[in-house]
Amino acid sequence: MQGQNQQQAYDRGTTIFSPDGRLYQVEYAREAVERGSPSLGVRTEDGVVLVAEQRVRSPLMEQSSIEKLHKVDDHIAVGSAGHVADARQLTDFARQQAQVDRLRYGEPIGVETLAGAVTDHIQEYTQTGGARPFGVSLLIAGVEDGEPRLFETDPSGTATEWAASAVGADREAIHDSLETNYRADADLDGGIDTALRALASVRDAFEPSEVTIATIDVETEQYRTLDDDEIEAHLDEIDFEDDDE
Amino acid sequence: MQGQNQQQAYDRGTTIFSPDGRLYQVEYAREAVERGSPSLGVRTEDGVVLVAEQRVRSPLMEQSSIEKLHKVDDHIAVGSAGHVADARQLTDFARQQAQVDRLRYGEPIGVETLAGAVTDHIQEYTQTGGARPFGVSLLIAGVEDGEPRLFETDPSGTATEWAASAVGADREAIHDSLETNYRADADLDGGIDTALRALASVRDAFEPSEVTIATIDVETEQYRTLDDDEIEAHLDEIDFEDDDE
Amino acid sequence: MQGQNQQQAYDRGTTIFSPDGRLYQVEYAREAVERGSPSLGVRTEDGVVLVAEQRVRSPLMEQSSIEKLHKVDDHIAVGSAGHVADARQLTDFARQQAQVDRLRYGEPIGVETLAGAVTDHIQEYTQTGGARPFGVSLLIAGVEDGEPRLFETDPSGTATEWAASAVGADREAIHDSLETNYRADADLDGGIDTALRALASVRDAFEPSEVTIATIDVETEQYRTLDDDEIEAHLDEIDFEDDDE
Amino acid sequence: MQGQNQQQAYDRGTTIFSPDGRLYQVEYAREAVERGSPSLGVRTEDGVVLVAEQRVRSPLMEQSSIEKLHKVDDHIAVGSAGHVADARQLTDFARQQAQVDRLRYGEPIGVETLAGAVTDHIQEYTQTGGARPFGVSLLIAGVEDGEPRLFETDPSGTATEWAASAVGADREAIHDSLETNYRADADLDGGIDTALRALASVRDAFEPSEVTIATIDVETEQYRTLDDDEIEAHLDEIDFEDDDE
Amino acid sequence: MQGQNQQQAYDRGTTIFSPDGRLYQVEYAREAVERGSPSLGVRTEDGVVLVAEQRVRSPLMEQSSIEKLHKVDDHIAVGSAGHVADARQLTDFARQQAQVDRLRYGEPIGVETLAGAVTDHIQEYTQTGGARPFGVSLLIAGVEDGEPRLFETDPSGTATEWAASAVGADREAIHDSLETNYRADADLDGGIDTALRALASVRDAFEPSEVTIATIDVETEQYRTLDDDEIEAHLDEIDFEDDDE
Amino acid sequence: MQGQNQQQAYDRGTTIFSPDGRLYQVEYAREAVERGSPSLGVRTEDGVVLVAEQRVRSPLMEQSSIEKLHKVDDHIAVGSAGHVADARQLTDFARQQAQVDRLRYGEPIGVETLAGAVTDHIQEYTQTGGARPFGVSLLIAGVEDGEPRLFETDPSGTATEWAASAVGADREAIHDSLETNYRADADLDGGIDTALRALASVRDAFEPSEVTIATIDVETEQYRTLDDDEIEAHLDEIDFEDDDE
Amino acid sequence: MQGQNQQQAYDRGTTIFSPDGRLYQVEYAREAVERGSPSLGVRTEDGVVLVAEQRVRSPLMEQSSIEKLHKVDDHIAVGSAGHVADARQLTDFARQQAQVDRLRYGEPIGVETLAGAVTDHIQEYTQTGGARPFGVSLLIAGVEDGEPRLFETDPSGTATEWAASAVGADREAIHDSLETNYRADADLDGGIDTALRALASVRDAFEPSEVTIATIDVETEQYRTLDDDEIEAHLDEIDFEDDDE
């Protein structure tokens, strides 16, 4: 561990290692992720669940335009946390990869393949000069050969697979809740509750308008978002932070 | 939050994050937006309204040449605040995108699609070296499938949709007024009054020559600007800052 | 407003904003404009007038080679102030644009179109690294569809339209005179007198050899320069600074 | 050996030597390797063994997604230690090289040839500006003409061949154990035990889920990974650090 | 006017303006011109005269190889002062321009056209990064449509036309002499005497080997250099500094 | 000779000379050569001998993979000292040059021609920015038109021919021994003994596994390496440092 | 003349002038020339003589490989002083120019033309960034239209013609001797003696192996080098420094 001045000597670009082998710009990009409101993913027997929190800054703002869940292909979607414009760039990149694969091979892209392509793209921004890393982490959820898959990317360009995970602010506390409550044999509704409960563990309360929920079903292999009534119904079942702490 | 010297270590370019994950050059570009006179947008049932204030520096200057509302296509227009030359570049970019879409697909570009293309362009200037971010925020207003849409872009390359919003100087105070007075079921005239009232809340008075007003009607899907008499008529109905404060 | 050291941290290139959202290199380029002898433009009912002052440094120097009024096309001319070589580059650029338009569309380029093309070119030098801004402001005068037009460009890449304006040294004092004396219904001779009177307001006296005068007539749509006798005749009618102050 | 300030003068890029002829960025990249959990390789008469340790950070994380052993071609695999995203880039590069060779020559690529191609690629990132070195060391294991081969790459772009080696954290201690216990005439099971014993010498204990084991058999020339039961069986035979120290 | 430290902040490259709008690198290039021995040009009714002083450093050096007058085309020649290798580059550039024009239009290039092309080339080196300005000023002399023309270029990329001028060391004193003695109705011999007298005003004495003299005649439109006897004859008629001061 | 601070002002890149005309980065690259174990070459009547010392770091490391003698073509080989990965790059470059020459001219490349091509390649890395010099010296040995040739390259890009030479650590002491013992009329065995004796003069003792020996015979024009028994036999005849000092 | 700190502000690259108009990197490259052993050229009635001194560092080094006289074409040769690898690059460049000219025009390249091409190439390295100047001066000697010619290039990219000259260490003292002893009507042997005498004036003694001598005869127009006996014979006639001082 080095002092402040030492660190500053090595943290201005992606093209240098610090003496102890760290890439500070990548670590700072992770801080950008921590600044963003969280997205969560939960894998269940029946499919994958994505939940994202959005901070509505004004009643005049359209909630839909700040939602962080996006369909990439029929059977794949992403959630994100961090620098919003970077997330859109990576989502666009993911969509192009999915289209190219469909055109080239005539079948839907695999979730793991897509996660690999996205993280390859991210890694390049951490090794070559003239650019900064992407300040965003993605959750890439989908169904592949009838199996639900959930991947997470980080600003270094690493992809990891999870049963359930979260990116963004309060990540550690949310993870604690997920680890406690996760059941592999839950159905989609159960997965949604697990995710909302984890988010609720770090919030006093939230409105249906403050969360987006989406699922990808192993049967239909289709992306689907829940409407406000459905969200409301799920929220009714959740205990919030001030309750259970 | 860091001290002055700390900040200076990370604020000279778009290709580095600060240790707490911020992009200072993008934040400074937002300051350039704050330095510009405001543009406002209000979405109504009958279409979208854009209002821009221009500061006429001399009676010899042609007001039309400093107006900040510009038609992008028949059914889409932009307002802006910030660095004037940057706004023109982005407006030109938007026009080209609209033309390309018409040529390629034989139909008018969607407002959301256009906002996405513009913000993708903006984002690239925040990640790659050798350039500075765009010092401008746009309001992109239009009609899409018979629906009025209003988007706002910021220097980070993020697009958000609004029922009513403002960019530029005094943004917060104007937003307060918009939030208070906005009625979703207003007609275009009502929308204009809402916008002028919000602008009036931060000004002692202004002349018809100091504002430009434009509408895009859901019926005609055509961009239209108001003449001085029409503006005058609207201004007569507005209370100014010194009145209502 | 920042201190000296603060400013120096942000003023070495076009690719960074200062913390308060300013582009110092563009502001310094404006200083280069202020260092140049002035050019003036006056729009009248019968056409546009351009007047430029040239500082003859030696009796052996050919006055014509330092004149700052240049024909761009039959119906368009430019005046300038600032870095002389930069002015010539932009004038060459304007001529090429005019030629290209004639070839492509078979008709003369519009004055506003030309001003837009020139300022687009200027703006690029304020956003991308590896170059400095143009240290020059142009007056672009011409006739378009029978109407006289007068535009001014600045180093940020902004174009504004004027009834009468001036660029270069003593701009503010000259503007004061123009605002006082401008009459929209003047003929070309009246416009010339307005311009010379404005210039005279900041000079003790000047010789015919020290000014160049050109007009573009709405009838003929032709650029024309006045000879020394004509200039002399106009100067006889002007009161100089020491008279009217 | 130089002082701290001296070193800092020469350690910011790959394009400069220090006065004593060192490349500090390459040395710092070696530190990144030391930060990673270890991978081990053991060459036996019957084939090559690769063993990697993975640190499972959460019960919700899929172990398979952080495994560090990857098949490159039927007969070649790599293990790694260090920056995970860099390892994936080099693994992808190795796979492409293997495919190209198959296409071009109609036969499997040689292990030494592949190690040379990978290290050529690595070396370029140590000599040319605008990038950083790869922060990863690979073990490249395979069968070539019926012979088992085991190569190691380092961040300088050097390839060396080993009977048994390890990369990553605790390298020296693991090497000591390998040197003590290595028997050239062991079979694959013996090789696995040698590797696990070496890893155990620096750990108190580990779970089957914390190691991945793979072999490439000289008979089949096929890459094969062991399942948890097989790993368990091997672990039962191992003494751990607190036992034998 | 700024202090020493202030100046140093803005004088390292051509791509930045100083806060008062100056380009220091261009000003320093002018110093390089001042360091060079002078070249003079005098326009007469019968043609143009060029005179250059060369400092012969050794009796073994061939005077011809340091002469600074060069034929560009039959009817155009250049003299120079400043960085010798830069002068040759610009002279080569001028020759190419002259050739290209002959090929393209089938007639000799105009003197003013050539001066414009050369200064456009010079200007580019003052605005774009990655190069320094040309440290040389040229006198471009020739006959165009039967008229003698004399242009001067400076390191900023500005061309000016003169009846008589000088570039290089002692420019101001030489100009004083030229202004005193210049007669527009002189013949070529008179022009040569005017130039030599001006040069003599800043020198105690010089040998025929220390000056080169060339003329371009309006009749023949041909470049011609004087031999030593002719130079000697002219020198006999000149009073030197110590005489007339 | 300059002080420490002075030197640091000029030693960060290949694109600047120091005030006394030195290229520090090239000198530092020579230090990288000095850090490497030595390679020696001896030219005899019957062919050329190359001897290289390798430091075996572990009994598990394959000696062959750290050998520093490499065949470039049937009749040419290289030895090296310094940065290992750089040596491999240059060796690959040499092999390509040899292949290209065979394809183009249908005959083996000359040794001097090859040395020239390699040093041209090295020189480019000492003059152009964006890279560092090669930290390696090569001995290029071969037979050309029946004559044995031995060249040495250095990091500045200079090639010199030798009867016998050495690169790397202890160069001066080894050279002293070579100068004392070299006999031009020796046969290959005599040349090997001369080289081993020179190496022994700076070592207490070494194992056969610590040296590689190769010859290129003028008769066969073929590269050939000695096996351990042959090396052992030669070592038996050598006195080591502690004996003869 | 400026102080040490002042100078350091402007001496790190070829793309900036110092405030007094100097290019320090070019001046430092001249120091690299001064560090090299000298080459001399003498023009006689019968042809041109080149003499170069080489410092043989070891009896094992082949003198021929450090000789600094090189044939460029049958009728042209170069000598050099300074950075050896740079000299070889320029010599290669000169050879290519000579070949290209022969191919293009079917006749041998002129000596002056070649000197111009070489210095154009050198000049580019003094104006554009990303490289350093060439640290070498060449003597270019040859026969052109039956006339002997001798040119010298310097690191600024200037070519000068000489009756006799020298580049490298002790240039001034050698020039003094050349000026004293040069006779234009000497034959080749006389020219050789003049050159050797000049070299001897700065040396106590030297061996035939320490000088290379070459001639280009106006009759044969062929490059020819003297063998050791011929050199010995000439040296016998020379007085050395300690004799004639």
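In order of appearance the chains are A, B, C, D, E, F and G, and numbering begins at 1 in each one.
Following the convention adopted for this analysis, a contact is a pair of C-beta atoms (placed from the backbone, for glycine too) under 8 Å apart; a residue touches a chain by one contact, two chains touch by 3 or more.
Keep in mind that what you see is a predicted model, and the values were worked out from it rather than measured.
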- Sorted by label, the chains bordering both chain D and chain E are none
- Does the chain B and chain C pair touch with the same residues on each side or with different residues, judged by whether over half of the numbers are shared? different
- Return the distance between the CA-based centres of chain C and chain E, expressed in whole Å. 31
- chain C and chain G, separation of their C-alpha mean positions in angstrom: 55
- Task: List, in ascending order, every residue of chain A touching at least 2 other chains.
- Result: 14, 129-130
- Query: So what shape is it, when you link every pair of chains that touch: line, ring, star, complete or other?
  - Reply: ring
- Task: Moving around the ring in the sense set by going from chain B to chain C, list every chain once.
- Result: B, C, E, G, F, D, A
- Query: For chain G, which residues count as touching chain F in their complex?
  - Reply: 7-8, 11-13, 24-25, 28-35, 58-62, 64-66, 83-86, 88-89, 92, 125, 129-135
- Message: Using the touch definition from the top, list the residues of chain B that touch chain A in their complex.
- Response: 9-10, 14-23, 116, 119-120, 122-123, 126-130, 151, 156-165, 175, 178-179, 182
